[in-house]
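In the two complexes below, chain A is the common chain; its partner is chain B in one and chain C in the other.
Now for the complex of A and B:
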């Protein structure tokens, strides 16, 4: 263990230490104010974000973690994203009085799980990261169990995430059985006689498919999106999905030359089904959170289109798409948090009628994020789709790209429907009281990033280039 | 020494058995038990493979698995207890609050 290793480990240790410190504060004899707790949590997150800047890339911690530009970008992004989630939680009325020490420390533990997952170079550390991310989410989804559907959502997520973890782990164990190694980089060198490896990779894909809600493994997503408190929905709709996706990108970018041919039809199938099913189910959805759940199933289909290209353009496109999708979702959920009622979310689309006119900043922010999700230039969503479909065409998957473009056109219909409701003439009777500043800050930053990354995509792509 | 294929077959059987329990039983506790059986199949695979390859990675995987699963089940059991506390039921049929909403609701 060298001191350089310790510096490399800081971004993983700091959030976890922060979580423990906050738990210790909770048994402090004197009552600690929520303001002090949240300041502590935010400090640890910002320290963790700063620590990523100390990294010497490319580096590694043993053979477990690899430290490169991808892990730096995403770790930084997760730290700041988790800070945004905390800001959203303080502005979210239904659980405002339930924000105890445990809530903050669970978010911190989940953050350190995400950081572990994006830089893992070994299947065991990936598994530990995946579970450090998932287990806090069970509890966070069921936060304040008296909310409508909270317990049900928590149980559904717990069962499905454990189910997914079992598939993932079975894949890991079989990959180990076929090659005698758990190292991601060494999986490549496994001899061609290993017939178990395709089965193993397929099982790992199924596990990840459940975690990120790719069709046909998406059935849980709308229920969980609806049941979780909106800040937590934002956490797993944007950050946790991006973290799992980065691991998927790392796995598929190994190329695995011997089984890539066998894997391609599977990837194509999942991509096609995800795009079509996601968009079709979103078309007539009346509940905004469920609509967003289905739309993100479709978006993950687009990301798989980019990944199945199997070239470096596809990899860059998938990474760009993962970051921008996370920012756009964060923006949309920030608006949902801002518009929330005193005791529960606005569920039905009709409850949002005319709110965009009354609160122009929030309305415009929501509009821009939704148009970015639909893929209108000059937003980041457009560039992401352009890169993804461009990579697919470059690799010769023209049919897949055409289906994806048709689906994008289809998706405009329901995004525009939401915007139409938001800016309609008549106003909803359900009253609202906007008090919080946190969500407003998050939505403005998300808006700037969505447009900025759309006009200057090289901000992000330039970082990925090897110097 | 037992050949690798035998232990892999038994492990696969365990995994499928657990899968069947998860898919067929309707009681929440049985579903959790089924998940545990699935994970035990995984653990058997990893141990057998570790013995076959003669390195410790498989055993490390099993120890990590046991630790993580314990944490996971602890949280899941609390949720099941909460469900029992609130709905007086421990079957999945009781959990039907969240559903599709494609029709325009009149409220």
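Now for the complex of A and C:
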């Protein structure tokens, strides 16, 4: 192993080491303060983020990991995102006294799993990354088990995620059977002759579909969104979905373009179903977290609209969409965290009445993030949709683009409903006063990014262009 | 010319300024909003003063790369048509602020910020020549307007705000598809992927595709204008909006639809538009008669004026699809006249409502003697709205009818019937509100100085447009000629395909 390899491995090692260090601190004879623990965790994350900047791209670690601009941007993004999730957790009243060492170390492990996933060049390393991401989530979803529905949510997610992992593994096995290798670059060379490979990738796609909640594999999403503590919902609604999606994009668009082409009709169908199902189910939803779950099913549908175009514009659009969707969701959940009551989330929309008037910064932040999710210019959400629909039209998928546009109009209805509630004149009893600074910081950064990336999308697109 | 971007961004910067520091400082925000909108008006007048057209008739152009990877530019341009509409937008800005002075009771800073943001969106629509930029502003103006209606409106404001937003949004999203289609077809033909309006003008489209793309644009504009089957958002939105919102809606937002037809539908798709012209004129004439007939039976003054707007905008569409010198000139002049007149009417209805607490004609009456100044100014604007010669609307409607007459006498006759109905409902409205026995005894106060100034300015504009429209018509010469050339360039075989 060369020293360059070590530098390349640092961003994966640092969060994992951080997780271990925090676990060791937990058996330290003297009691360690939460503040010290959180500082340690944040330090490791920031170090990991800095380490990605040392990468020489393009590079590789053996044949397992590939290091390119995509993995750099997303690894950086996940480190900072995980830091944001921690900030949210500190400001989240219901689990404030439950932030033990394990909580922080689980987030750190999940982060290194995400980093591993986005740069996998091998189906095995991808599976390892996927599970390193999923297993901490089982525990985090059920955090503070005395909460209503916590255990139920954790078990539900564990069962379904293992189900998805089984599909994924079966696909991996078939891929090995057809090609005799698990290396994606080598699989590509035999892609034209291996008749089993499309089947294998379809199974992997189903596994991923479960993880990111594409229709018709979306049934778990609303329940888990509702059951998990809001910072954790933010973690898997934005970061973990983005990681899984980026792996899908890498698998189909970068490594196995032939298979991508073969699967286009399937992607087309899933895109159509996801958009329609997600939006229709969100339309009359009265529970904000469930509404966001269904709306993100629809958003995954829009991303597949881009992917089913099968061209380079579609690939770029999907990557851009994955980043912006993660940021917008993070912003929205930051507001939910900030508005939370002492013992539980505000769930029903009626609990949010008038809060936007009373707390203008949070209200405006929520409004901007929701309008961005709806796709209003000049936010990043609009640009993402513009690129995605543009790719579809370029590929001649005009029908799909028109369905997507009608769905977008439909989606405005429920996003506006939420904003209308936030700024309505009657007020719900506010409950606790809001003092947490962390969520406020996250929402402000998310707001700036959502508008900044909307006005200057080439910040992101320029980084993705091969030099 | 960076002044164009000043024109666009001054209001939104003002909105940020007021929104950030203006909380609970009502008096300050009023004056700040007035200052920003007046500066805007001065800049617009200055641009008018210095206007010198280039070969294509553009006074000012500004081109900055925005997203080079997609061929999206920050491309602004001002020709005669946009100049006139920008002037109208700038004029109605201070009017809307002055009208809301005491009418808005709560949250003045947020109200002013949203009003200014709407103005930015509208300015952007009138000035952008890059299709994506145009689309951005086109949707951007919806949001603040949605909040203006939804937060400060009357009884059924939320319903009206939803309806307004969803109607216009669905239309404009279809336009987005058409824009993208145009972009890729142009890219495939020429190898240049761009949203630049001037480049896209050169495009050569196969017949069926051209028709579909044109319809994509047309739906978005038809919702805004609004044309007959998709007009139902308008009466609700106009009635429920606060006075300033109604002024912006009727005075400016409706014009963006007609402007879109002139700027994009006709020049980009001349062949399809020419085929479509008879249908467009039919929709126009239906709008004229339908709006006028429904205005006849309204009790609510705001609703009455809202339906009369449908009728007047029908004339504008009429003139646009007549597609000749008189028709196009008339359509643009009528847009200006309708903006000023209807703006003034909504302002006065707002003032009446502040004084009497109602907009219902059944509960008003005999207000001529207690409110002589208000009544006489209302008479002036009512006469203008029913196109009395010498006042603003007359020139526009006369030119439109003259243009339509060359195409078809039957259509012109139907349009003239619309004017006659207009005289009936407007005079009847005036009679029921101002003449007859006074129904409510209370302490009436006539117009104060602020109201007199703002209405006086609008009255001057009405008189100017009516008596000496030449300075406005001069601006239209080059753009209108260009539009007619686009029509004449269409190969003759394809005309009459739908007639």
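We adopt the following convention: the second predicted complex is superposed on the first by the 453 of 467 C-alpha atoms of A that agree within 3 Å, B and C clash if a C-alpha of one lies under 4 Å from a C-alpha of the other, contacts with A are read in each partner's own complex, and residues count from 1 in each chain.
Basically, a contact is a pair of C-beta atoms (placed from the backbone, for glycine too) under 8 Å apart; a residue touches a chain by one contact, two chains touch by 3 or more.
Quantities reported herein were computed from a predicted structural model and do not represent experimental measurements.
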Touching partner for A:145 - first (chain B), second (chain C), both, neither: first
First, second, both or neither for A:174, with chain B first and chain C second: first
Touched partner set for A:158, first chain B, second chain C, both or neither: first
Per-residue touch tally on chain A - higher for chain B or for chain C: B
Partner chain(s) touched by A:371 [first = chain B, second = chain C, both, neither]: second
Touching partner for A:227 - first (chain B), second (chain C), both, neither: first
First (chain B), second (chain C), both or neither touched by A:413: second
Chain A contact footprint on chain C (complex, rising order): 67-70, 132, 135-136, 139-140, 143, 146-147, 150-151, 158, 161-162, 165-166, 169-170, 173-174, 176-177, 180-181, 183-184
Residues of chain A touching chain B in the complex: 124, 127-128, 131, 134-135, 138-139, 142, 145-146, 148-149, 151-156, 158-159, 162-163, 165-166, 169-170, 172-174, 176-177, 180-182, 222-223, 226-227, 284-287, 290, 347-348, 350
Residues of chain B that touch chain A when the two form their complex: 4, 8, 11, 15, 18, 22, 28, 31-32, 35, 38-39, 41-43, 45-46, 48-50, 52-53, 55, 57-58, 60-61, 64-65, 68, 71-72, 75-76, 78-80, 82-83, 86-87, 95-98, 100-105, 107
Parts of chain A lying in touch with chain C, wherever the complex brings them together: 371, 376-378, 382, 386-387, 389-390, 393-394, 398, 401-402, 405-406, 408-409, 412-413, 416, 420, 423, 457-458, 461-462, 465
